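Have a look at the structure below, then the notes.
Letters A, B, C and D name the chains as they come in the text, with residue numbers starting at 1 for each one.
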Amino acid sequence: MAGVDIKQLYKSFGKTEVLTGIDLSIRDGEFVSFLGPSGCGKTTLLRSIAGLEEVSGGSVRLGERNITQLPPAKRDIAMVFQNYALYPHMNVYKNLSFGLSLNGVPKVEIEERVQTAARILQISDLLKRRPRQLSGGQRQRVAIGRAIVRDPKLFLLDEPLSNLDAGLRVSMRVELASLHRRLGVTMIYVTHDQVEAMTLSSRVVVLNKGVVAQFGTPLELFYAPQNLFVAGFIGSPKMNMMKVNANAINEMSIALTSESISGSISFQLSAPVQQVPEQPHTFGIRPENVGLVEEAESHMSGNVELVERLGTESQVHVRLDSGQGLTAVTRGTHPVNMGDRVHLNFPAEHCHLFSPEGEAYPRKLDGETRSLIERQETAALCIA
Amino acid sequence: MKKRLKQLAMVTAVTSMALGGASAAFAEEVLRFATWNSSENLAILQEISKRFEAANPGVKVQVESYGDGYDKKLIAAFGAGNPPDVMYMWNYPKYYKSLMPLDELMARDAESMDLEDIPAGLINTTRIEGKAYGIPAGFTTHVVFYNKDMFEAAGVAEPKTGWTWSDLREKAAQFRDEGSKTYGFAVEAKPDPYDYEQFFWSNGTRFIAEDGSSVDGYMNSPEAVEVLTMFAEMAKNEEATVLGIGDSTSGSALFKGSKLAMFQSAMWSKGGIDKAGINYGVAMLPAFGDKPVHSSIGASAMSVAKATKNPELAWEFVKFYASPEAVKLRENDLPIRTSVAEEMNLTADPIYKPFFEMLALSDRESNAFLKHKNWSKIQTNLERAIEATMIEKGNAKKHLDSAVARSKRHLK
Amino acid sequence: MSTLVVQDEASEERHRFIEKLTPYLFISPWILGFLFFTLGPLIFSFIMSFYDWPVVGERTFVGLQNYEVMLTEDPLFWDSLWITVKFGLFFVPFNVILGLLLAVLLNQKVFGTGVFRTIFYLPSVISGVALVTIWAWIYSHEYGILNFLLGLAGIEGPNWLGDPNWSLLAIVIASLWGLGGTMLILLTGLQSIPKELYEAAKMSGVPAWARLIYITIPMLSPMLLFTVITSIISAFQQLTIALLLTGGGPLESTYFFAMYIYDNAFKYFEMGFAAANSWVMFLIILVLSMLVLKSSSAWVYYEGEMKNSEAADD
Amino acid sequence: MTRALTYGALLFLSAMFIIPFYWTFITAVKSIGELYQFPPVFWPDEVMWDNFVTAWFKQPFDVYLKNSVIVVILSTIGQLFSCSLVAFGFARFKFRGRDAIFVLLLSTMMIPWDVKMIPLYMEFNMLGWINTLKPLIVPAYFADAFFVFLLRQYIMTVPIEIDEAARMDGANSWQIYWRIHLPLMMPALVLVGTFHFMNAWNDYLGPLIYLNDQSKYTLTLGLSMFKGLHETDITSIAAITVVLCIPPLILFFFAQRYIMDGSIGSSVKG
């Protein structure tokens, strides 16, 4: 087992730069997800770690070893492919044992390792079957089993659940998590599904256009996104954003004003800020934090365009007077209706503020949230 | 793979040793002899070669039969400088530069060979620019085979010596029966021009001027037009079926199937007709009115490659093929030696006699392909004209004129 | 397994060198074969094409004359080229489409498909000479079985091989008879299409023709590309059937370009001229195939294509 | 309904494809008399089985058979091995000049044989290979473009992840070829083997040009010997043709089952 250290990793295909200077340090035993939209470079990054792509620059270390130039097989890494890539002409046993036999592992040991892996994955009764005789979920297990038998230092999983139906996906998610706990090996998991990333990982790498947008625990990403991209990408429904003017009140708070905000919002910082530039800033607030209030208490008003009732909560889509759209989440039984005029309040403690460059100002979190994030952080460290 | 190649070489060697190559391995001299003959004819050649081997100990004759692929094989062999020592030959204009002129040797051995016994007309078929490049081993002239049973059944008088094309047409018309698809005669839409020229000769014209300078006025002369028109009319009036367009069935197949009362061909058809058990007679070619009739002579001649390593042996072999002993064995063509023909009583045999009678009449002309180096291309245009005339059943003049026009650029 | 020694620089170097060399090692059989058995003859024939090169006798350098005569003087060049193009326009689509239909038909789990497959492959097993003899009998104007059968239906059949209007079609049909090979190639391709695709489509009510167009053809496209290109090549090299069946006639209506080359080489013994012909043919097929190949990126779908930047992420 | 239609179509087409074979067969067993009957007889009164024996012994066909078998087997092995290697090289590697070389490879399919004939003959002559079976066997070990193209297309339908998985499993390129792709392309290989078998078995031009001595002749050459310049021995041609068809047909009947064996060729996802 070992951690992964990536330094200044570059990868380009011809003139297209896919990875531009990735720095990452993944701790031993951690479960890390690479999350991002299509084309962000997450699969390329994974394949670069696997050795399936030759990198254009930078280095990858696994534990003590610099593996940047090693062929895939020598890296001590196993990978589970999105389409499983099982060998169609071999039965499950052969699929599992192929790598071992190539590496000259004695027959007895192969048998033992295959049986162990099969037991863990509950596929012992499938060993004689060919891949085409297996269901999707079973193939998935075999693919994982093929990785397990090799007892690698690092597991790479490339969207392994995307070919399964919704129900199976949830149960496999649980199994993957328990597998990770059981094996205790470092795992890197590529996905575009934030729920998978948030539930499985101790930490998540959010990638955007070939750079790391943020690397942190799931709650950190949610409550303290470091930039506009992460703020917009994490969370569903998406965070509401609008342009505001920012004026420093003192070192620890900033007043947010705009033509459409009645009064101002006092944004609380968790660390002192020297200077606030004059350009327009971006103000963000998650839909679940928008309050529906009396006109007198409100920052903005608008008309309800659509109410989506989901049971425990309702998503209210509001067209603000400024013309901008905004989403608020209320309790499920809130009587608001389409066409109603509503008045909205943005509690200062839930506001996010981003500089003109899109960087987040460190916001002051309430104690409960802060301790939760810290606890997750500690848990992630503990794994190591 | 290397090992495999070695094994392969072994297998090949063993096979060749085991299968008739054995004598080759020990013989001092191997003479390669190429022929287009196959089946029975090939068997005859092999028999003659065996006798030659017997007469010349230490010599092995390798008879190479290429059948239909004769020209392809010869071209590859000559092109790469690896020709057989002795070969069947007819296309002298194309090959003569790589063949050995034989006049001096013939002069030297004239007596022992008894050259007088071989008709000059036969040797002339091998002459280019005055030099002879081959010795005939067998020959044939052209005749008309007729089905005696059919003639009798239809009550038609059998052909007589000195008959004409109008006699033939008159007879042929009486055999036509649509129901049983029977015809009196067959005309070729795609004849071999080599053989077809006999009709031009018999009607007093030829394909190309004697000196090879022009085809205009020859190929499209009124006499030529007359020949083509006649055949076209025969087709039109159903006196004859047309071979070579649309119907793959050969004349000999039809004749053997008793669908054809008369069939113009040569020695090469005789064997098959015999086998099919047809009761047939042979007549000379009919004449065009009172003009003298003339036949093409097809000779299988033997030539020696210039590049042969053993010219003397090759010449011996050629001579052997022209010897009475060998000539007698060749039952599928006609003996080149008058003495043999007489000895075998062929000149009196009613089946063979017409062939010799045709030979006697056919020494005035020589074939067009000996007269111009581009003849094979000019010939294509002629073939086209004949075919077009037979398809349209007329318009001979137009097509022949067009053939002449198209041939201009080859005559330069 | 998990105890790997850290590699030193030198062995890394060596490894990278071997990596670079590996592909060339894999293709080396062909490269060597090309050098030994193709390149030499090719260069030789190219040189030949600038000579008056009779099989026997003197060879004289004539520069571009062979090409000049071919392109400007000899009407047969353009005629035969046009006939070949006409033939290809019929042959290529029919060969591919019928081959595909047969393959689809025989890909079903119907009783006796093995026998049927063998039957359809039968003509491909019979050697050329016999095949042509058979077709000659089928097409025979008066004695042929085709016209006999047409006669039963009250149709007076044409003189297939004797009528210049029908002869080319007759050759096309006879050539299509050998589509067993195409069928087989496509059958192999069909085998590699996942059954689930069809099952899914069936469940969502996609009709059979749509399954053919939207699943079979795209999934089969690499094999279709192959058959299109090889059909073009065989259309241009079409010789045996016409040579033995019609000899190029009647009236040169089936005088293919390959026969033109053949005649120049084996009838007229003009090897230099034939070499020039061949080079022209070579270039024509090359350009055509390149066009098809270039267009293929638009319609051929490779499951196993190398991943590159566009495909790397999703 | 559709099933009946399918069967109907298959039966009709089968008739079209089987007639020639039937015709060849009855031609082979007809007596001379019936051979030339018009209209042709569809079933001879007397089946002359003897014709097969007669034709076979008219020439040393046992020798020809031996030669044909040597050529066909050795060259098929060569073709399968070399073509699969080369195809794998083109399908699974990116290397400098790959596309250009591949185009070159394709273009070699387009060279008319007429032009190559004489130079090749000269080359084999220089090597001393004329009148041996080598010109018919050795080139097969250097990969035919047609088959390379065919196999490459086939390999390219296999997802690249399979290779990558094997690479992660520790397989080198040779092992990926030998242990993964060779078994996976088995149906296509059988196809190539079948095609090449037919080609080599029915090849006429090659043997004609390169072989001189009858003891080296192959079956097709023997077959063509029945066709002379003026006369053709139809019965013997038909008889030998029928005999010649049998080995490839048997081979094919078994091969096609293998080609159709979906358990091997099936894709990865499927």
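Here, contacts are C-beta pairs under 8 Å (C-beta built on N, C-alpha and C of every residue); 3 or more make two chains touch, one makes a residue touch a chain.
What you see is a predicted model, and the numbers here were worked out from it, not measured in a lab.
Chemist: If I average the C-alpha coordinates per chain and also across every protein chain shown, which chain's average lies closest to the global one?
Modeler: C
Chemist: Tell me which has more C-beta contacts between its two chains, A-D or C-D.
Modeler: If we tally the C-beta pairs in contact for A-D and C-D, the bigger total goes to C-D.
Chemist: As a quick test, compute the distance in whole Å between the mean CA positions of chain A and chain D.
Modeler: 57
Chemist: Centre to centre, by mean C-alpha position, how many angstrom separate chain A and chain B?
Modeler: One centre to the other, that is 90 Å.
Chemist: Can you work out the whole-Å distance between the CA centroids of chain C and chain D?
Modeler: Roughly 15 Å separates the two chain centres.
Chemist: Could you tell me the distance, in whole angstrom, between the mean C-alpha positions of chain A and chain C?
Modeler: Whole-Å distance between the two chain centres: 52.
Chemist: Among all residues of chain D, which ones touch two or more of the remaining chains?
Modeler: Each of 38-39, 118, 141, 159, 162, 204, 224, 227, 266-267, 269-270 in chain D touches at least two other chains.
Chemist: Do you know which chain C residues sit against two or more other chains?
Modeler: 133, 137, 143, 265-266, 271, 307
Chemist: Among the residues of chain A, which are close enough to touch at least two other chains?
Modeler: In chain A, residues 71, 103, 150 touch at least two other chains, as defined above.
Chemist: Could you list, by residue number, the parts of chain B that touch chain C in their complex?
Modeler: 71-72, 75, 78-79, 94-98, 181, 189-190, 241-242, 245-249, 376-377, 380, 384, 387-388, 391, 406, 409
Chemist: State the interface residues of chain D toward chain A in the complex, per the touch definition above.
Modeler: Spelled out, the residues of chain D in touch with chain A are 159, 161-162, 164-172, 175, 179-180, 183-184, 186, 263-264, 266-270.
Chemist: In their complex, what parts of chain A are in touch with chain D?
Modeler: 50, 52, 71-73, 77-79, 81-89, 98-99, 102-103, 130-132, 146, 150, 163
Chemist: Taking the touch rule as given, give the residues of chain B at its contact with chain D in the complex, in rising order.
Modeler: It is residues 1, 4-5, 8-9, 11-12, 15-16, 19-21, 24, 32, 36-39, 41-42, 62-70, 72-73, 75-77, 79-82, 84, 180-181, 252-254, 256-259, 266, 268-269, 271-272, 275-277 of chain B that touch chain D.
Chemist: Please output the residues of chain D touching chain B within their complex, sorted ascending.
Modeler: Contact set of chain D toward chain B: 32-33, 35-39, 58, 60, 63, 66-67, 70, 74, 77-78, 117-118, 121-122, 125, 130, 132-134, 137-138, 141, 204-205, 208-209, 212-216, 224-231, 233, 236.
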